[in-house]
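As structure tokens, here come the structures.
Next come two complexes built around chain A: one with chain B, the other with chain C.
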Partner chain A sequence: MLAELGFIATFLAFLAALYAAGMAFYGVRRRDDRLLLSARNAALATFPLMSVSLGALLIALVTQQYQIAYVWNVTDPNTPTFFRITALWGAQAGSLLFWSGIMSAFAFGTIALNWHGQRRLMPYVITYIMLTLAFFLGLSLFLENPFERYWIMPDNSVVKSVFALSGAVPPAAARLAETSHGLNPLLRHFGMIVHPPLLYMGFVGFIIPFAFAMAALASGDLSTGWIKATRRWTLLAWVSLSLGLVLGGRWAYDVLGWGGWWGWDPVENAAFLPWLLGTAFLHSVMIQEKRGMLKVWNMFLMLGTFSAVIFGTFATRSGLVDSVHSFARSGIGFPLFFFWFSVTAVSVGMLLWRWRRGELRDDRRFNGLLSRESLFVLNNIVFVMLFIAIFWGSFGAPIVSELFLGTNITLGKDYFLQVTPPLFLALFILMGVAPLSAWGVTSLLRLGKALIVPALLAAAMVALLALMQPAEPLVLLIYGVIALSGTVALWETYRGAAARHKTLGENWATAVTALVARNRRRYGGYLIHLSIAIVGIGALGSELYQQETQRTLAVGQSLALGGYTMRYDGFLGGQIADDGRVMDIAQVTVIRDGREIAHLRPRRDFYPNAEGMNTMTIPAAHSTAENDFYVLLVDWEAISASSATFKVFINPLINLIWWGSLLLVFGTLVGMYPDEKHALATAVAAQPSRLAGVKA
Partner chain B sequence: MKTLVKVTLVLVLIVMAFAAVTLSVSAQDDPRRPVSDDEVNAVSKKLYCPVCENITLDTCGTLACAQWRDEVRILLSEGNTPEQVIENFVVRFGDRVVGTPVDPLLRAIALITPWVFSAAVLVGVAVVFFRWRSEGTHTAPMAAKRSTEKTPNATHSLEDYRARLESDLAARR
Partner chain C sequence: MTQVAWEKPESAPEEAARSGVQWKYLVGFVALFVGIGYLILQGTISGARYFITIDELLAGDYVGQTVRISGAVIGDTIQYDPQNLIIDFTIANIPNETKDLARTLYEAAHDPNAAKLAIHIRDQVKPDLLQNEAQAILTGKLGTDGIFYATEVLLKCPSRYEEAAPNQAIADPLAGK
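And then the complex of A and B:
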């Protein structure tokens, strides 16, 4: 029943998406408002239909319907309810359906909020979103169907089909439960409830600005309307992707057991690439809004961002690259590649068409080499260079070497740490300098003067960091550059609040909140800059000053590292957890300055039912603002466990990465929050309109 | 009898002395030395698992990788430098086991290409920038005017836009 319900709902959503795309396009060409309304309603219907579809799969997972192959593959009777829910996106078929569900939700939200305000663009927006949704639903229906069930045929062969086949009987429920696989052990982490949904929201969310950009190109309305309509959608996608990336790092830190959080793995990089272009876009659209410049460039960045999203999806799901993140090889590789190629070719073709017709001419020219707009352009160039370097290292070089040189190469951390640091440093310098420069033209003297106080503040922060973690002069200089990007944001906010405090007599709290409320976008942006500076300092400190050692200890013996001492106290072998995994747990005590500060339990988990990788090394850590003391259980003496081997890391400043990302969310929320003027404009636009003679 | 005992003792002493010399020589020549886990990990960190892509040897949990780590230990204990150990693995498994290729051509391609592409982007941007500047001195006012005529300006109000849209739709009817 659940399988049929889910399949039929998905199929209806597929038909509705196709119908909406066709009718929206046909309606706008025929200028027929009834067709447009029909297309809109069909597009809106995809969301409730996908909710039914996802709900059916979720209920099947929670109620253990093992006849459904997907449920059998990703859960077993021992799987806790929490992981039954996360299993929805725990394998290819479910995650594709989930992806489509998120897309339908974004489509619903966009149509509901923008139908009245963007009447000229919306038919095209619906066309592009619904075509993309139909493509992904087609993958779910025809290649990766999560609703297929197992059937035993009269000749005893087992086949998969959604609907009952003639003469077929379902396998015995007990047998199915007994042989079910359970969730991939790598995915049994609390972060799995938020990391994939956020990453998918980030990926899928970029469909909205992309569809608006394409709509602008198709309709010829090349004003800033499409940018204004999509700013919050873009920010939502961007912050989701940012958080998804950081939480992915946290998951790697907690689960993969290698002491780090970013491994430059191709699949990590595949998610980072659209982030780079999306971030460049968020900066450069400001120039178009304020100065009427960079129209072609902004289009290019948005089309590139969405193209990178689809390419990343293709790379992850096709088996193009092997990684701990990637899905198994499957039949969706070629369709995804074809879709990526088509999307890119069509969007670039349309951009070139409008460009050649001279419809994307800028309203203004650059006045001087040193201005806020030229620094933003420079910032964009650095983002694009980073994109090129990371794309080349992750996909370009391995593919080119295999195709043309007949050899396999891996460009790993060594490559990325050689190529990307100068570019990241350039970005931090620009983050510090650009907010202090003026639109139009600025002077070096003026910039220099504006930098004095933030530079002093940055120097004070560097001194503090040097006290916590002694470092070489060059590293301290780099810390200083990163800190400067944050202190500029702090100083600018302080200056604004001080002006209000002095002239209006407001107390400091009121002055700060009123200042931020008057220009949420600007001060939200400053908070984001501050958060990126904090994350940058954490990333640099944890990368450069990580210490590690591996030692075999007998019970009672200790090892020393970075001012800490760790004592091996004992071992609890063969502990059975509620979900059926077998845990081997070492007990250690962490001592600092002669005082016991933590008792940790690094462990090895064994999953008897899991296919493939069935053993997980789970670290234990003692966290402080200064660093993490991070312990892995590597091996132990069989049976007696009288001795055990530990790998111990000291990860300095790593917690700044997680704290900085929280500030990033807050800053983005501040930047996204609509101001009063916008709220009023939206309310006006939302009033029933007679403009196009369409009843809402 | 005494002579026999003496001869035997002498023979035993000779044999013992020979054995001691031989053993001491072989002990001096034995290049193997104890190698710590940290030394093994330092080298393994620079090697990628030849079987599971994109996982370094020091973190890979497979049995094959454990055996390769043992090999690293043996090679180091035999007096090989870390570079020699890495080279040994590259010879056997190819450039895919290192983070950047050892082969000079592959290495150059890997490291220089992104900068070549980036330089091309920079040149392209510079060309466009200077063309804009030179065009701007002659045509900027016209372009700005044309743009205002064709597209709604950023500063236009919603009412302006609605009025234009209404007249546009009226013209189509």
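And then the complex of A and C:
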């Protein structure tokens, strides 16, 4: 019943998406309002249909319908309810359906909010989003169907089918429950609960600005309307992707047990690539809005971002690359590649077409190397260079060597550690300088003066960092550059608030709130800059000054590392958790300056029912602003556990990464918060073009 | 403020469109591209690792050169010294990767004629995934003693996120899991 319901709802959503795409396009060509309304309603209907479809799968997971192969694969009777819910995106078929569900939600939101304000663009927006949705739903229906059930045929063979087959009987319920798999132990972690949905929201969310960009190209309405209509959608996608990336790192740090959080793995990079182009886009659109420049470039960045999203999806889900994060090799690789190629080719073609017709000319030219627009362009170039460098290292070199050299060359972590740091540093320098330069022309002297106080503040922060963690002069200089990008943001905010405090007599709290409220985009942006500076310092410190050691300790013995002492107190073997896993727990005490500061319990979990990998080493950590004291239980003496072996890491400043990312969310929310005058969509054009006047 | 004087009304974009090449930007960008291109080239040269099979490793002249190899882990050979964090095991050549990775690995690990390679890893905690019939992707150097000294290990278990074929055990109450 649930399988049929879910499948039929998905199929109807697929039909509705195809209908909406076709009818929106036909309707706008015919300039027929009724057809467009019909297309709109069909597009809106995909969301409730997908809710039914996902709801059916969710209920099947929670109520243990093991006849459904997906449920059988990712849960077992011991799985706690919580992980039954997250199992919705625990494997390929479910996560694809979930992906489509998010896309239909975004489509619903954008149609509901922007239909009236962007009448000229919306038909094309619907066409592009619905074609993409139909493609992904097609994958779910025809290649990765999460609703297939197991059936036993008369000849006793087992087949998978959604609907009952003639002569087939369902397998015995008890037998199904007994043989079911259970969620992969790696996925039973908080980070895995929120990381995939956020990453998907980030990936899928870029469909909205992409569809608007394509709609602008298709309709010929090449004003900044598409940018204004999608600014918040872009920010929502961007912040989700940012958080998704950070939480993925947090998951790796907590679960994979190698003491790090970013490994330059191709799949991690695949998710980072759209972030780079998306971030470049968020900056360069400001130039188009303020100065009417970079029109082609902004289009290019948005098309590139979405192309990178589809490429990343293809790379992760096709089994193209060997990675700890990837899904198993699967049949959806070719269709995804084909889709990526078509999307990219069509969008580039459309862009070139409008460009050659001279419809994307800039209103102004560049003037002055230090002007804000020039610095923004430089920032964009660095982002794109990072994109190229990381793409080349992750995918370019392996693919080119395979195709043209007959060998397979991969680039390891060394490559990324050599190529990316200068580019990141350049970005931080620009983050520090660009906000101080003016539109049009800025003199070096003016810029230098504006930098004095932030530079002093940055120097003070570097001195603080040097006290916490002695470092080489070059590293201190780099810390200083990163810190500067944050102190500029702080100082500019302070100056604005001080002016209000002085001239209007407002108290400081009011002055700051009023200042931010008057220009949320700018001050939200400054908060994001500050957060990126904090994350940057954390990333640099934890990468450069990680300390590690390993020792076997008898009960009562201690080891020392970086000012900490760790004592092995005892062992709790064979603890059985609610979900059936067996935990072997070491108890250790962390001591600093003679004081016991923490009791930690690094452990190893054993999952008796899991197929394949069935043990997980779970680290324990004591976290402070200064560092993490991070302990892995490596081994212990059987039975008595009178001695145990530990690997211990000290990760300096690593918590700045997690805290900084919280600030990033806050900053983005400030930047996204609608002005009182406007609704969430903000995109109500001054004069909404009437549909009758739509130009094809 | 020069800015004010310089600004043109929105209605006169033609002027901008006719502007010629802005040389100082062009020179700057070319310099930037060349610099970054050089960085990428250097990184590629020093970071490149040939990804080869065990057969190719043993047939070619790769001693002392950093390469990446892939093989099927033979479970019985795994030896782990947790005191000193030394891992030793043997992997078997994977002839042709098929769509069914679990089957490929099973066949490779049980093929008596498959080329084998002893692996030695220092200073690493034994990964949870290091088990029989896992696919090991290793970066390191082949020593003159015929042992592969790996510095990076990536392991994949076929049942990692997805299991393979529908389980016949569902139908047969007597069959083991």
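Quick note on the criterion: the second predicted complex is superposed on the first by the 670 of 696 C-alpha atoms of A that agree within 3 Å, B and C clash if a C-alpha of one lies under 4 Å from a C-alpha of the other, contacts with A are read in each partner's own complex, and residues count from 1 in each chain.
Just so we're on the same page, contacts are C-beta pairs under 8 Å (C-beta built on N, C-alpha and C of every residue); 3 or more make two chains touch, one makes a residue touch a chain.
Computed from a predicted model, the values in this text were never measured in an experiment.
Residue contacts after overlaying the shared chain place A:Glu596 against neither chain B nor chain C.
Judged by the touch definition given at the top, the superposed model places A:Arg119 against chain B, while chain C stays out of reach.
Residue contacts after overlaying the shared chain place A:Thr549 against chain B, while chain C stays out of touching range.
In the superposed model, A:Gly225 makes contact with chain B only, not with chain C. Judged by the touch definition given at the top, the superposed model places A:Pro266 against chain B, while chain C stays out of reach.
When the shared chain is aligned, chain B comes close enough to touch A:Glu359, but chain C does not. Applying the stated contact rule after C-alpha superposition, one finds that A:Glu289 touches chain B and leaves chain C untouched.
Chain A residues 257, 292, 322-324, 361-366, 381, 385, 388-389, 392-393, 397, 407-415, 418-419, 550, 552, 613, 615, 617, 645, 647 lie at the interface with chain B in one structure and with chain C in the other.
Interface of chain A with chain B (complex): residues 31, 119-120, 221-225, 256-258, 263, 265-266, 288-290, 292, 321-324, 359, 361-366, 377, 381, 384-385, 388-389, 392-393, 396-397, 400-401, 405, 407-415, 418-419, 548-552, 613, 615, 617, 645, 647, 681, 684-685, 691-693. By the touch criterion given at the top, residues 36-38, 41, 46, 48, 52-56, 58-59, 61, 94-101, 103, 106, 109-111, 113-115, 117-118, 121-122, 125, 129, 132-133, 135-137, 140, 143-144, 146-148, 150-154, 158, 161-162, 165-166, 169, 172 of chain B touch chain A in their complex.
Contact residues of chain A toward chain C in the complex are 69, 72-73, 90-92, 150, 152, 156-160, 171-172, 175-176, 178-179, 181, 184, 186-187, 257, 292, 322-324, 326-331, 358, 361-367, 369, 374, 381, 385, 388-389, 392-393, 397-398, 407-416, 418-419, 422-423, 438-441, 550, 552, 611-613, 615-617, 632, 634-635, 645, 647. Of all residues in chain C, only 2-3, 6-8, 10, 13, 16-17, 19, 22, 24-25, 28-29, 32, 36, 39-40, 42-44, 46-52, 68, 70, 80, 82-83, 85, 99, 101, 123, 125-126, 128-129, 131, 135, 137, 139, 152, 154, 156-163, 166-173, 177 touch chain A in the complex they form.
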